[in-house]
Each structure stands twice: as structure tokens, then as C-alpha cells.
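Pasting the structures in now, so scroll down.
After this come two complexes, each holding chain A, first together with chain B and then together with chain C.
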Partner chain A sequence: MFEVIPPRPAPAGVAGIGGWIRRNLFSSPANTLLTVVTGLFVGYVVIAVVAWALFDASWGQVWANQRLFAVYRYPADLLWRPMAVLAAMMALIGVMGGAGRSNEILRGLFWSLVGFVAVVTVIAILFWPSARVLWTGVLAASVVGYALGAARPALVRALPWAWAAWLFLGFFLLYGVTPGSGLLRIVPARDWGGFMLTLILFTGIVPSFPLGVALALGRRSKLPAIKYTCIAFIEIVRGAPLIMWLFVASLLLPLFLNTDPNNLPAILRAYVAITLFSAAYMAENVRGGLQSVPRGQTEAARALGLGGWLTTSLIVLPQALRAVIPAIVGQAIGLFKDTSLVFIVGLADFFRVTEIVANQPASLRVTGGVKLELYLFVALIYFFFAYRMSIASRQLEKQLGVGTR
Partner chain B sequence: MRKTLLVLAVLVLIVGTAFGQGKLQEVQARGELRCGVNQTLPGFGSVDAAGEFEGFDVDFCRSLAAAVLGDANAVTFRALSAQERFTAVQSGEVDVLIRNTTFTLSRDTTVGLNFTAPTFYDGQGFMVRTDSGINTLADFEGRSICVQSGTTTELNLADVLGALDVQFTPVIFESAPQLVSAYDDGQCDGWTTDKSGLASFLPTLGVPSDHRIMDATISKEPLGPAVLHGDDQWYDVVKWVVYATFAAEEYGITSDNIDEALESPNPQVRRMLGVDPDQVQGLGLSADAMYQAILQVGNYAEIYDRHLGPDTQFDIPRGLNAPYTGGGLLYSPPFN
Partner chain C sequence: MALADRDPVLRIPFWRNVKTIGILAQIVFVAVIALGVFVLVTNTLNALGRANLPADFSWLGSRAGIPIAETPIPYTPNDPYWRALLIGFLNTLKIAGIGVILASLIGIAVGVMRLASNWLVRSIATVYIELLRNIPLAVQIVFWYTAVLLPIPPRINNPIEIPGGLYLSNVGLAFPFLYPTYRFGAWVPWLVLAVVVAVVGVVWRRRLAQRSERPVRVWPLPLVALAAIAAGGYYVASLDRTLPDGLAVDFTIDRGRGVVYRDLDGNGVRGPRDPLMPFASTIVRIAEAELTASTQNITESGQLVRSTFRFPMILERNVEAAVVDFGDPEEAAERGFAIHFTRFPSRGVVYVDRDGDGEFTPGEESDAETGIGYGGVRLVMTVVGYERHIVADRDGQVRTPAFSPSGTVRSAEVAPALNPFSVFGGAAAAESRDDIVPLEADVELLPAGPLVLSRVHVPVSSYEGGMRLTVNYLALLLALVVYTSAFIGEIVRGGIQAVAKGQREAALALGLSPSQTFSLVVFPQALRIVLPPVISQYLNLTKNSSLAPLAGYGELFVIATIVQNQTGASVPVALLLIASYLLISFVFAFVLNIVNDRLALVER
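Showing the complex of A and B:
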């Protein structure tokens, strides 16, 4: 006869947190020593940094220059315009997040952004009387968007149109309509900057996507004229650093278009350079995806009687793009940080504002300068966004099952 | 390739100027002056927390706008990087470049600029640590020196130390703020740039008292406004507005007492301020142009003291930047 032994809990020291610590940190004398030494070192660094940040650092200059960091020289009385664009963006993202509640990635992105906005809103309510209403509005717009998306998931179908309208109206709202003074007066693009400019330049990834796909398809074309034009574009653009293309766009674009450079804002020139540069890399990413689609797929489509366009758009591209989405997200993260290169053509993006603030006479009056504080602040903001995107990219890879097929 | 295109651009513009209107008329018709400035050089050009440009160079833009347009605020500032500043003048993107730019022969010729009277006489110096034991240029033997690329300082450094046969390691940086951090971290033994630059960055170092500016001056760095070559009328305007700030200091005219100066019997003062209108009108400006410039922005000493003088943290001695009557180099030709 067998006697059933009741299950016993795992011995202490193997299960639970204690067990994990023992297994991973104190499994042998050498390991223990390593743990202690590393622990002391990490603890020392963390305590030193926190103590510095709380007691020694002078954050006054970061605080005093919040407008420069956010929008550079965009007029203070017109801040509601970029904020309205931001509110509309958050509302649209809210609809996406609300409608795609079951999608871990969309939901996560939405809540991270809302969290960021909420933190800023709390700060605004506490300390910035002039920005209270605006930030509360942005927060409200996000929540309303989310609620709408959750209640009416069908709204998602209107999203591409909504985004296009946002891009178009957003530009006009930022730039203005009427000369002179007034609520909708024109704000010359040279006064745009700060984090707003970083975000604007980052959107260059959007037009670069269709361009990149077109270039990748063109490169595989059987027509020599198209094929070699595309190859030449991709290789030439990829063959030189972004900084050079920024210069080229800044100096030569007005010449090619035969126009007064003042009619062609530096931001537009930088935007064109960034978009084309990004398109060339996008093309190579997409081409990798195209090559990963087995020939059999094309042949099968042909056998079913599909023509060239239908084969490409219904059979090949969907599979190809699916395979390279993580690579494209990686490229987007890279571009987000590369936008800081625009300082070379005199634009004041988020990073450049750091140097502008560091060189204000007021910053020099602070003993020891305020560079560390400024760079740390900027690094944290960049890190928040870049890291959030890289989390999304990893989730996306898992969801698409890239690498497991 | 780039050079050819630039020359082409300059040619197109020169031809355009010859057949079209001059820069002066263009600026007056537009109603605003486009001025190329620095936004990361404390004391000379920076942006304050409210988003306004301020500094020594910036004030000369305002003087010019006051003279040409009657309003010191009718300026659009265009922040330029060291690398793009000349093309911005060549392409007509800015009307005048007032961005701590050294007047040199090649910039006058190949680059195609015209420099007015220098507004600031600078000279390249060195900052070292007090405990480094470096006292003369020869002491840099085997040491490293931080320097910014794309500037005259890089060339001077190689020229002068090369002539002394001193072997040193240059450590080159793209922008001044990076360079200062690197020097402060001890990545190089010395740091060279214009002495005004050294003085303005000294307070930002971790422990300012650990550093000193060496006595040696290895170059002439006359900094001044520049305009595009080929438009003499505009060049004259910019030049004489600068002279007016010199002359006003010489005659003791400030923004405060300028209305009394209008009664002055001194014929030079009367001509400059437009009481006798012919001279200033000859520039193509209204008779009260210089009056407006000094009333709204001030004379040279007022501009200097506002940004670089003893009441600022820089406290750069006037030195060569005193009027000739005080042993300096500021000398305005007569307003005859």
C-alpha cells in the first residue's frame, strides 16, 4: 500500500525572496564577497547622487528656464497654441489607447504619457498659475479621448483622417495665420525650439516611412532607371553623416529652390534633411523585410492571378513590414536622439537649450556653474522617452513573435 | 564643391544687389533688422530665461536697428553656430553678423565679408591650473591643450607653439561648453581661447580659484560686426553707427544726458546727433539716427559696462577697449 504524503512547503532557503537571494547573491564565499562589494559601491553612488541632488545641486536655473526648455522663444502669451496641439495629440492617443484596451502596448504607451502629463499638471497646479488651465486641459483631453475610444472602438477607423487633420491644423495653429499681433499671429519658426522642436523633428519618422517603403520597392524594381536612382539615393544618403546632410539642406536647399533663405525656415530645412536621411535607412530596413519573404509567396500569388501591385501590397509588404517593425522602432528611438544634431544649423532643440541656459550670465553667477544639474535634467527626460519606446519595442517583438517563427 | 557653390551664391547675390536695391533700402522696407548673433557666449550673446537675447554684441544689433529704423527692438535675432555664420551672411539670411567674429584677411577676401571698426579688441590667452607649474608657453612641452574647432584660435595655437618648437597635444572640441567641461574634468592641462572668453567662463569652473589666466597673449583678435562684401552703402551705415558709440563716449554723451548734448556748441556733436543734419543724412539715414542709437541703447561705455564691466561678474578691464584718450584703441574718425 502506498501512503500519500501530503505536500510539504519547499525548504526555507530555496523558495521565496530569501531563497532567491541566497541562490543568486550568497551561493559561495566569492559570490558573497562580490555581492557585498558591489552593494556597497552601488549604495555609495546612489547615496552620493541623491545627497548631491537634494542638498548641493542648484536647480534654480532649470526651474527658471522652463519655458526655454519647453518651447524656447515661443511667445509666452501664445503658449495655449502648442498646448492645444499637445491636447489634441493626447486625445487622439487616448482614443487609440481606449479602443485598444486589450492591446498591452497601446495601453502601456497611453498610460505612460498620461502619467507624464499628470505629473506636469500637478506641478503646474501647484506652481505655475499661468499654465494651470492649459495643463489641466491637456490631462482632461487625454482622459476624454480614452473614454471615447473605450465607448466607441469604431472610432479607430477615423483615426488616420484625424491624425492627418491634426498634422495640418496643428501646423497652422503653431505657425499662426495673421501677421502682426493678435491671438493667431504668426510665430516665425526661428522662435520655435526646446522640447517642442525635438518632438516636431521626431515626427520626421512619419513621412520617412512611405518614402522608405517606396525606395525599398524601387530598389527591387526591374526597371533600371528606377532601380539605379533608388540605389544611388540610398547609398549616397547613407554614405555621409547626418550632420553633413543638415549642412547641405541648410545651405543648398535655398539655392536649389532659388529662394531667399529667409522664406525657407531653418526648421523646415532641417526637417527635410532628417526625413530624407531617415528614409534611406528605413528603405534598407524594409528591404531586409522584403528579402525575408520567401519567393514561394510571390509565386503563389501569381498563380492565383494577382498582378504585380496586388501581389506587393496584399502579399509581400504585409509580411515584410511585420518582420521589420522592431527594427523600425529601433530606428525611431535613434532618430529621437539624433534630432539634437540640429544645433549645428543654429536651431535650439531641447539639448541645445541646455547649453544656452548653461551660458546665461545668471548661470555663471552660481558657484561652480549649473551644468551638471542641467545635463542631468535633460538626460532624465530623454531617458524617460527613449526607454519607454524601447519597452514598447520589446513588447512588440514578443507580440509579433519575431524570432520565434 | 561647397566652396564653388558658395562663391556662386555670393556672385548671384552681388549681381542681385547691383541690379536691385541695396541692403539699407531692403532693411528699411522690411522694417526689421536681421542680426546674426551668438546665443552661448555669456556677456556677448545669450538668451535669458524670458527668451530675450542679451549681451554686448546683441546691443550693437539694437544700436543699429535704432539708427536705421528708429526702434532698438526692431531686430530679429538669428542665433548662428560658428560653422554656419559666414554662409548666413553670404546667403543674405542675416543683414549683419555681430557674433564675436575675428577680423582677418581671409575673411575679408575669400569669405567675402567687410568688417567695420572692431567693437572689442581681444587676444588669445590660456587658462591653466594654478598648481600645474605652467608659467610660460614653453612649459606646455608635452602637455595637452583644449581648443575649439573651426576658430582662429586653433590656427594660432599651432602657429605660435610651432614657431617656439613646443610639442603639445591639441584636444579639439566642437563647441565651447563641451570644451569647458572637458578642461574642468582635467582632460587637458591648458585651455586656449580669447581672453574675454576665458574670463567669462572662469566663474563656471568647479573651483574657480584653482585656475588662472596666463599673462601671455598670442594673437590679435579684433572682434567686430561684418556685412557682405559689395554693398558699400550698407557697410558705411554699420561702420558709422559703431563709430557713433565710440564718439559718444569720447564726448561724454550718454543715454541720460543726450538731450542736453543737443544744445552742445561742439560742431562734431551737432553733426553726429543730427542737429546739423547733412552728415548723417548722407548715409541714407534720418537725421536723428545716431541720436536714437545712443538714446535707446547708449554709448560704448554704457554697453560695455552693462555686459562686461565691473558691475557684472566678468569685470573685464577695458585695456585696449578704452577710448584713445584713455590709452585704448577706440578712435572714431570725425563726423565731418
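Showing the complex of A and C:
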């Protein structure tokens, strides 16, 4: 009686690539015009940029100064030290990535880092002879770490200790142990710089985390003295820009400690400023998370007989922090970009090195200068990391279901 | 409570009482903080004493000696420190105010583009946002400043002319601007009246709209009234055509400049006590003037340009006639010289028509190698009926291009030393100061209305008139606007997407056009979501303007670092900086609270 009509393909012009093109580019005459005009414009810009990058730009200074960009004036013969720290870091991340293979976000981040290291290794092999082996080593260490983690996921349990050891040994390896001229000789902080310094300053987000949590809890405290001190700290620090705090810290820290400014390396002053600044913003992020935890959770915990500290640390904070992970990643992106402000205290971070390279005699000899090339190169590197983190943040948001009700 | 009080077993011992613990904890906390502050303050005072650095604010009154390129209010390096810092603060407001407006406009456009139905447009907006959000602002500022703005525009005396009287060069952007004159005060009461009437009108129309059953348009009538009263007041205020008592101008023609001042003592000469009159409107008329120039070999962007001549920028519209000819036409004809204008009549090349086609072809420049182009090739520009309307500058200065009328050519002995590129011939050498033909300059002060339009003109050394923005300002503004607009664009997109889909569909179903749907239904609702985060972006923009050292723009932070460097007053400068930024933050927080309250009221 009834005959099932077999499913017919969607009408041409709706489905498939053709349909997509019609819907998104040529749905109406006005839209078609818009597509053509913007298409021509985009095409022109892309062709002009590519042509410039391939034929007119002189990238020589970018390749020739890989060491300055990477570590600034860190002695060439001691390059193995920061590279060893980097290799250990990549290996540890590799173990995390390998062990937590089900965690796509972590794995993706790890492979992006490996990709970056691989590109740098290729560049080093081509243009930076003395670092060829070192970069290849870093690449190998990350892959080995991943394999290890994949083979023995139980290693993850040792990771907190491994990271602590990395932090401790890493600092001594970078700074050195003995004065004089040995393999482990001290490298004064003023010779640190480049992307290494950017990464070091970026780690300021780690100590800012406990500080920020403490400030956020303090702000919600019922004790007025603690509450208003925390509010004052958070609001005053957030009220002024980071560059001002860097400047103020570099002026005032030696005064506060009544010591000669030369005794306090600029890195230390910048690090303190970055950490405290970051802590104030962290506190506001964490506060948002604390507010998102329903009151019932606290009340239930109290009803079960948990005390104030236990309620906070076992019930409220875990839920609050889980909710603000994307916000914290967002803040990390901001901090990563803001490390470029340390030029104001005379530090030669990745951004500042660009200016130094741009003013080298070899750069000035190039007709038209190489500033455009150098700054595009630097912008690209910053973009890679910041954009990669923002993608991870979005993935996290989706995974945690934040923002969906 | 009652039970616990009575029963000794249930009563909580005082050291476990939450209240007691709280108070004790606070006492300990305050003690620790106080101890910390005490140690830091003692240390600081010791350190300051040891280094002999100022710890008070007494230095604020001494002479700053800081040159600042852009000053919203009059300022000289002789002014005290507090005024330099005030300039910095105003400059911060100046960049933040304009930046906020531009960033909002671009941000909204990008946010809407991000949701366009056209894939290409959508993608452009996405790339724009992602690219700009993820590159540090510092890199962007340096990019705009050193890579885009500094190299592209040519030197100051050859600026890019933008239609509408704007000039762009690597010195900055200059554009016509309306300035208030001495008669502005007569207009102020009218403006106040107009605003009062408009406010009353809006309140009245609002009431009417609430009572009436038919739709009442609230805004048009009050706005028309505002415009009408303001315009009428302007007309009335400019009816009085008398100049204020003692207004006079002191102008020297061969230097092409002078001042407008108020002759208070009435002796007809500008004395030290006679104040300068800013923004007075003047007309300079010169019946006839002769300007001389020699051909020069000049170096322009690394390349030698041969036999180029330059006169002060005399634009055709300012003169009845301008004729350029050789100082000695017969001699020039004998050698086959001709003039090719690259910009009539102020600049060009002297060439030798070697191929005889009567036109200049590159390679025909008269040059030193062939021995032509020197020895008496002097050009004379005769300007007839020069007339220019000039608005005195902020300090009362009136400037026309510097005239060098015939006869004032420096003698041959001096010339090479003054200008190594120009070689004056015998004809110029023959002239001496005795031959100076005095030229009549007629300078007239015009009675001005409350506002006066100051146009830009381009003398040799820098722009005159109009409003000038330095490249430093432009670079910082561009970077801040573009960077912030990416964030605003993303907020706008989120806000629009957050408006329930049914709202749009309902509006379309009711027969509203897509643009009406957007502007009347979707956007107002999105605004409520968008406004609070956008205001915090405005605050970010303001705080980010402290990256000005990268562009060399003299805002608060830059001036403060210079002041600290000069005075060594670290602590006072730090306190001033923190206080200023907190003030700005509090103003924004205040505005945000008002906005939040208003939005909460609208919600039902």
C-alpha cells in the first residue's frame, strides 16, 4: 500500500562543495559583488605580502642571530646548559603527553611544541652550526619522553617530584655553581635574555597561582582586616598597568630592602613585579570560580562535619578552580605577551633582542633596514604560542562545559 | 546560644570560639602586615637618606626643562615639573579618548563582520581578530612606528597631501581645526541655554511618550532645538564686528612671521606685558614679491637629484599669479636651459633640452659634471597678489612662508658657507643689501566669530596652523585602536550571538527588514551584554597607553620616567603614577557601575 520512496540526493546547489560555495559566497548579487571585491583585495594583499617575503625581504639577519634570539649573551660554549634544561622540560612534557594520551588537549599541546622544536632544529641545522647537535638532542629528548610516558603511564605519579627537581636543578644549571671559568661557571643574570628569558619570566604565573588563590580566599573572608587588605592589594595592583609596576618595582625594591640596586638583578625585580601583578589578576579569576560554586556545596560540607579549611580545600576550591581553568589559560596568554614589557627595566627579552639585532651594523648595512623582517619574525613566534594556547583554552572550555548551561 | 551558655559541657572554650579565633587572626595578620610595612618604610627612608634622594614633593615646583612635542595646553620647558606631569596626564586622556571611540567603531564593525553570511568576510574578520589578539601590543606599536609610519611618508616639506587640507609626513598629520577665539565667551551662554532646552525637551518628550498611546519620537525635536539655539547664538555672537581694544599685529615681511598681541599699555609697540592673542584671525596681503632660489644638487633618500629648485610652498590658490623665470633669461637661453616643474610653481628641475623635443626627459638635468647648471642659474619667482588668511597659533604666532624677496639674497661670500649645496652665480653676488626693494605687506586683523577654522599650511621647517598630531601619537593610537578593536570585536560577536535566536526570528516574522531587525531588536539587546566587558576594554586601552615609550609619545608614564630620571624622586614619582592610574581606574569603575545599574533597570 505504501511504497517507501528511496532517499533522493539533495538538490544540486544545496549540498556538497558547490552548495557550500553558493550559500557562503554567492547567495545574492550583493553578496557576489562583496565576494569578488573582498576576494580581489585579499588576493592582492596576500600576493603582495608573499612576493615581498620571497623576493624583497632580507631574512639573513634573522637566521644569523639565532643565538641572540634564543639566549641573548649567554656564553656560546655553555649553550648546552639552557638546552639541557629545555630538553628536560620537553621530556617531562613528553611523559605527560605520552601517559595521558587520552587527553587530546595535552597531547595536542605537546605535539605543537615538538613541531616548533623540529622547525627550530631544521633552522639550526641550516644556519646555526654550533647548536645543531643540541637542538637535535632536544627533539630526541621530547620524543623519548613521549615514548616513555606511553610505555609506562605509571611514571605520571613521579612527575610532581620530577618537575620540582627540574626547577631546582634547572636554576642551578642556568645560573651555574662555581665562579671562574669551569663548565659550571656562574653566568650573571645580565647575560640572560632572548626567548629563554621570555620563558623564565612566563613561569612567574606558577608562584602567582598560590598567591592568587590566597588573595581570592582572603577577599571572601569574613574577617574585615584580611578582607580589606586583600581587596586593597588586588584593586591597587590591577588599577595600574604592568609596565608601570615593572618600573616602580625596579625603583623601589632596592629601596625597600635598603640595598644597592646592583645587588638586585633586573630579572629578579621584574620577576617579583610580574608575579605580584599576575597574582592580583589570578585572584580575580579564582574569585569568579569561587562565586560559581553553589552555596549548597559549602552547606552540605559543613553539615557533614567538615571544618572551614577542609570545606575550602576539599569541596569549594577543586570545583572553583576547575571552572576557571580557561580563564587562567587566558591570563597565561596575556602574561606571555606582557613579558615583552620588561624592556623598561633594561632586560633583553625576545622582544628587546629584536631592537638590538635591528641596530647591529650588519642590519644597518641592508638597504631599507631589516626592522620589518625582524618584527614580523618576532610577531610570528609570539603569535604561534599565544594562538596555540588560545586554541587549548577553547578546547578546555568545551571539555569542561563552561559557558554552556 | 541559650543552651550553650547554661550548659558548661556544651559551652565552647574561648580559644575555640570562631569569633575569638577571628579576632586573634586579624590581630596577628595586622601585626604582621604592620611589621612588614614598618620594616619596608624604615629601609626606604634609610636608603633615601643614604643616597640623598628627595622623599617629598617640593621638587614639583622647580623648572622641568623637559621638551614635550605634543601639549594640549600651553607648555614650555621652563614650566615646573607639575605642569609637565599634567601635560603627560592630559596626553594620556587625549590618546585614550580618541582611541576608545575609534576602537569601538572598528570593533563593532569587525564583530558584525565575524557573523556575516559571506564566508570571505567572516574569515577576514576571524584572521584580523586572532592575529591581533595574539601578538604582543609592544610588538605592534614598534611595528606601526618604525616599520610603517617612520619610513613611508616623505620629508616634511614634501608631505602627502590628503584631500580636505590634510597633510601627512614622517613628522605627523596636520589637519584643519576649529579653535575658539576671543569671542567664544559670548557664545557660551547660548550653548548652555541650548543644552538646558534640549534636556528639558527630552524629559518632556519622555513623559509624553509614557502617557501617549501613539509612538512619540523622543530625540528629534530636542536635538533640532539644540542645533537651532546653538546656531542662532553663534550668529548673534558673531554680529559684533568690533575687535577687542588694542588688538594689534606685529609682522615682519621678510621673515614671514609675526605675532598678534593686545596692546594694553597703548604705546603701539609690543611690550613685555602685552599678552599674545591666540586664535585671532588675520589676513596677510602682499601686492608683489620676488623670491629667489638657485638650482641645487640635493640628496634625497640616498640618491642625488640634480639641479632641483625649491621655493617656499606657495599654493596657486593663494596668489593671483606666480611666474618663475631665470634671473638672467638671456644667459639661460644661450645655454639652452629650460624649467620643468614637478610641482608648479614651487619646485622643479632645471634641464638642458639635449634631444630638442621641448620636453624634459630623465637624464637631461643640467648637472655639475657637464659643467652646466652653475654659474648664474638663479631662478626668480614673482608672486603677484599674495593673500592668505591665517589664524594665529596657540601662542599668538602668525606665519606665512618665509619670503626672501629680491635683494635680500645673501652675498656670494656668505652663501656657500650657509648652504653648501647652493652655488650662487655672479648675478646674485652683484646684488648687495643696498638693493633691497622694500615690499609692502598689508596685515589685517579680522573680527572673528566664536570659532575660527585654522587651515594647515606647509612652510619649510614644519607645519603651521590647523591641528598637528605627531607620528608618535599616530603610531601609538593606531596600535592601541587596532589591538583593542580585536578584543571588542570578539565581545560584540559574543553579545550578538547571545541574543536569543527567537528574537531575531520574531522580528523578521513581524516584517522588519534584516537591517531593522539588527538595529532595533538584536543590537540593543546585545548592547546590554556587550557594554560591561567593553568598558573594561576601554580601561585596558587607557592603561595600555603606558606603552608609549616604544613610540616616544609624551604621555603620563613617559613624562614620569623622565621626571624620575632628572630628580631621582623615586618614591614620590611612583606614588604619583599609582595615584593617577588608580584615579583613571576608579572613574572607569564608576562608569561601569552606572552602566550596570542602568542595564539592571532595563531588565524585566
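As a convention for this text, the second predicted complex is superposed on the first by the 402 of 405 C-alpha atoms of A that agree within 3 Å, B and C clash if a C-alpha of one lies under 4 Å from a C-alpha of the other, contacts with A are read in each partner's own complex, and residues count from 1 in each chain.
Operating definition for what follows: contacts are C-beta pairs under 8 Å (C-beta built on N, C-alpha and C of every residue); 3 or more make two chains touch, one makes a residue touch a chain.
A quick note: this is a predicted structure, and the numbers were derived from the prediction, not measured.
Chemist: Have a look at chain B and chain C on chain A after the superposition and call it: clash or fit.
Modeler: Superposition result for chain B and chain C: clash.
Chemist: In the overlay, answer first, second, both or neither for which of chain B and chain C A:Ile356 touches.
Modeler: first
Chemist: Which partner does A:Asn262 reach: the first (chain B), the second (chain C), both, or neither?
Modeler: first
Chemist: One more residue to check, A:Ala53. First (chain B), second (chain C), both or neither?
Modeler: A:Ala53 sits against neither chain B nor chain C.
Chemist: Specify the partner with more touching residues on chain A, choosing between chain B and chain C.
Modeler: C
Chemist: According to the stated criteria, A:Phe247 is in contact with first (chain B), second (chain C), both, or neither; which is it?
Modeler: Both partners, chain B and chain C.
Chemist: Could you tell me if A:Arg190 is touching chain B, chain C, both of them or neither one (first, second, both, neither)?
Modeler: Touch status of A:Arg190: first partner only.
Chemist: Quick check for you: in the superposed arrangement, does A:Gly346 touch first (chain B), second (chain C), both or neither?
Modeler: First partner only, chain B.
Chemist: Does the superposition put A:Ile123 against chain B (first), chain C (second), both, or neither?
Modeler: Neither partner.
Chemist: Between chain B (first) and chain C (second), which, if any, makes contact with A:Leu33: first, second, both or neither?
Modeler: In the superposition, A:Leu33 contacts neither chain B nor chain C.
Chemist: Tell me which partner A:Leu68 touches in the superposition: chain B (first), chain C (second), both or neither.
Modeler: first
Chemist: With the two complexes overlaid, spot the stretch of chain C among 114-122, 222-230, 438-446 or 456-464 whose C-alpha atoms clash with chain B.
Modeler: 456-464
Chemist: Residue overlap on chain A between the chain B contact set and the chain C contact set?
Modeler: In chain A, residues 247, 251-252, 254-255, 343-344, 355, 358, 368-369, 371 are touched by chain B and also by chain C.
Chemist: Please name which positions on chain C make contact with chain A in the complex.
Modeler: 22, 25-26, 29-30, 33, 40, 43-44, 46-48, 50, 117-121, 124, 130-131, 133-140, 142-143, 146-147, 151, 543-544, 546-547, 549-550, 557, 561, 564, 570-571, 573-574, 577-578, 581-582, 584-586
Chemist: Over in the complex, which chain A residues touch chain C? Could you list them?
Modeler: 24-25, 27, 31, 34-35, 38-39, 42, 222-226, 229, 235-236, 238-241, 243-244, 247-248, 251-252, 254-259, 333, 337-338, 340-341, 343-344, 351, 354-355, 358, 368-369, 371-372, 375-376, 378-379, 382-383, 386-387, 390
Chemist: Quick one: in the complex, what on chain B touches chain A?
Modeler: Touching chain A: residues 2, 5-6, 8-9, 34, 39-43, 46-51, 54, 76, 78-81, 83-84, 87-88, 91-93, 175-177, 181, 200-201, 203-208, 307, 312-314 of chain B.
Chemist: For the complex, which residues does chain A have touching chain B?
Modeler: 64-65, 67-68, 72-74, 76, 188, 190-191, 247, 250-252, 254-255, 260-262, 343-346, 348, 355-356, 358-365, 367-369, 371
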